[in-house]
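Structure first, then comments.
Order as written gives the chain letters A, B and C; numbering starts at 1 within each chain.
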Amino acid sequence: MGIVKTKNLTFEYIRRDDEGNVEGVTKAVDDVSIDLKEGDFVAILGHNGSGKSTLAKHINALLLPTEGSVIVDGIDTLDTDQMLKVRQTAGMVFQNPDNQIIGTVVEEEVAFGPENMGVPTKEIWERVEDSLKAVGMFAFRTASPNKLSGGQKQRIAIAGIVAMKPKCIILDEPTAMLDPKGRAEVLRVLHELNEKEGVTIILITHYMEEVIEADSVFVCDKGRIVMQGSPKEIFSHVEELKELRLDVPQVTELAYELKKAGIPIKDGILTNEELVRELKNVYYR
Amino acid sequence: MSIIVDKISYIYEEGSSMERLALDNISCVIEQGEFIGVIGHTGSGKSTFIQHLNGLLKANKGHIYYNEQDIYAPDFKMQELRKHVGLVFQYPEHQLFESTIFKDVCFGPKNLGFSDKDTQIAAFNALRQVGLDESLYYQSPFDLSGGQKRRVAIAGVLAMKPDVIILDEPTAGLDPKGRDEILDCVKKLHDEMKITVILVSHSMEDVAKYVDRIMVINDGKLVFNNEPKAVFARHEELEKIGLAAPSVTYIMEDLYKAGFDVDRSAITIEEAKNSILNLLK
Amino acid sequence: MLRDITLGQYYRANSLIHRLDPRVKLLGTLIFIISLFLGQSIWLYALITVALIAVIKLSKVPLKYITKGMKSIVILVIISAAFNLFLTDGEVIFRFWKLTITREGIYQCVFMIIRLIYLICGTSIMTLTTTPTNLTDGIEKGLDFLNKIKVPVHEVAMMMSIALRFIPILMEETDKIMKAQMARGADFESGNLVKRAKALIPILVPLFVSAFRRANDLAMAMEARCYHGSEGRTKMKPLKYKSRDHKAYIALGVYSVLVIAISIFMKGRFI
């Protein structure tokens, strides 16, 4: 069984009008069953409102299922006695860098998680040092978070989770408010954590370039998983993705347009090298 | 309509320990009907620059002339300038405050002294221009989706009937389709209403697709001010300052290096496709 | 402009005052404030002035940081001074139009001004030499005993430290909202008091909405990091008294005794 497994997960909430009368029920997550392998770099795509964030919040028990179940490293999230263990196992980083930083000094911010877990003082210092080094921010440990760039703040947020020694980290659109430089910083840190420490990464995003290097991709729409597979498989379906309000990397789109115009190239081109190779095949035939 | 920026410099937090030169001797001209892209990363000074164009910030050195009038002249009314130069900040939906979106859009024209009738007409037109459905006009802004709220905020500035509209990263935080919708809407405004548009963005792909001219700001200095093709051809210099050309440019470079005689100045998918097809057919 | 308020801003240095346990500083500030209101004896104020100057020197904080905080209360000082000057009964010294200035009025006025200035200085030293985290840790540990009567000390301390952390962020946001509304022709400078108050609505509504949104996000982030109140919580930087703290307590004790003694036995005034 994978590190995270959901079975017929459904989340409903009641919509009320201004007077508090019930208007209807919305299924934000509708019968989702996924099984994530430990150590994978998973990407979850979906337009705004597709349910991807709601789905993510079930993995660390911030939300509990209305129906179905979520099992994280063997623990059922409905077992509220184990809620803290679930959250330590599956850490979460949010979109707005400022709204998840509590401390006024970087090292104190990173210590917040371990403090909550009751880790002894000496070990807290060790974990803080290791986490900050893992994200490349050790030099800033006594700085004020207010003086940092967006990318640096997100790295601090990641360090704060890493200090809790989770098995998996969920990130809800962590780069949406960053500039390209900040985005690259954050992605580099995530891949390093995934490759070097074997941390499972669950990245929710709608930046297609971030998805190319993932191990597996899930696409959400209206609370359901409508596509899943490797990046190559997913990006082969350009039209479908566009209908789902998503996009594909420019090189994939270019290849698709060429194919539409009659050039016989493969689907799912993700990199420039692949395109060059394909065109060479066509040209030198 | 013309805006002439003449050697402006701006010092941030003057006199404090955090003093630094945010804008360094910038000069440029913005003419009627242009669609200009301003690129640079966070901290480059681009947000500071655009706030000078509608007088929210005042340069320490240099002048700005709107329709040949010095906006720093003692008898010049900044409120007048803001009637003509509209500025939509990043995440503009965060400034909505009225009980209905219609009322919120009326805020701008009312402040500028439009009559009640003119205010309402301007608000209706603006909301229509951004493509918002009439059924939503009397809803609370807090009931709408992020993309819808953003369009309301843009309408709020359009209702003032500016000659120039400046948008600071209008696609921030939107999903791909949302991004296309906003930019298509802006393009339509430019083409149909002949409004001069200044678009501040991080996305080279967005900028390449829509603008006539690109201004690159780095460290408070204006380093490039030219047509997109000319700017992106110098992508090595762009990379040195931490920016890049659109992905398409790099695809074409790689193809060229592999022996394909393609048009390396292509900066959109359409251009790239046509160039490759010409080669292969 | 909005960033000039140094009340509550930490000034980084490595002075004796910086290194003191926050509980000592909190008690010290409290004793200092109480001593300011124990009368109008010139000897008392001489002692207070000496103590204040000594602490300022020991803190290694440049004077300009301390005086910056006073700019924001200038209006309050002027109003209090005026009230005291013109509305105190006593031996009349000067009279013009409908206003009377009495000898008592002058005393009250001068002392009120001195009190307010010293008040700001004293509390500024506190906040300039203590990081917000340190401060709230001090409050939390110092008021620990209140837990026995079910006062939620930890929660209050947490609220305070979060508030302090978000002050600069909300100030920046206010600035941004103001600029956005100004770009829509809003005018915050002209008009009478009523008009200007109304003009604040386009700033306050978005600001409140934003503050609530942030609070919501922050609560989620805290829960995601296993926050569950003070039970079982350890600290990265636990507070422990050192010998310098004991010495500081003794100095405070001496100061308190002197203050009480002077205010009982040496009630001299000037003039």
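Here is the rule we go by: a residue touches a chain if its C-beta (ideal position, glycine included) is under 8 Å from a C-beta of that chain, and two chains touch if they have at least 3 such contacts.
Quantities reported herein were computed from a predicted structural model and do not represent experimental measurements.
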{"item": "Set of chains whose contacts include both subunit C and subunit A", "value": "B"}
{"item": "From subunit A, the most remote chain by mean C-alpha position", "value": "C"}
{"item": "Where subunit B and subunit C are represented by their mean Cα positions, the distance between them in whole Å", "value": "43"}
{"item": "Separation of subunit A from subunit B, taking each centre as the mean of its C-alpha atoms, in whole Å", "value": "30"}
{"item": "Touching residues (chain side subunit A, partner subunit B) in the complex", "value": "47-49, 149-150, 176-177, 179-182, 206, 208, 242, 245-247, 249-251, 253-254, 257-258, 261, 263, 272-273, 275-276, 279-280, 282-283"}
{"item": "Subunit C to subunit B touching residues, read off their complex", "value": "3, 176-177, 179-187, 201-202, 205-206, 209-210"}
{"item": "Subunit C partner contacts - residues on subunit A that touch it in the complex", "value": "60, 62, 84, 87-88, 91-92, 94, 96, 98-105, 107-108, 111-121, 124-125, 128, 146, 160-161, 164"}
{"item": "Residues of subunit B defined as touching subunit A within the complex", "value": "41-43, 145-147, 172-178, 202, 205, 242-244, 246-248, 250-251, 254-255, 258, 260, 269, 272-273, 276-277, 279-280"}
{"item": "Subunit A-touching residues of subunit C, taken from the complex the two chains share", "value": "10, 131-133, 161-162, 164-165, 168-169, 213-214, 217-218, 220-228, 232-238"}
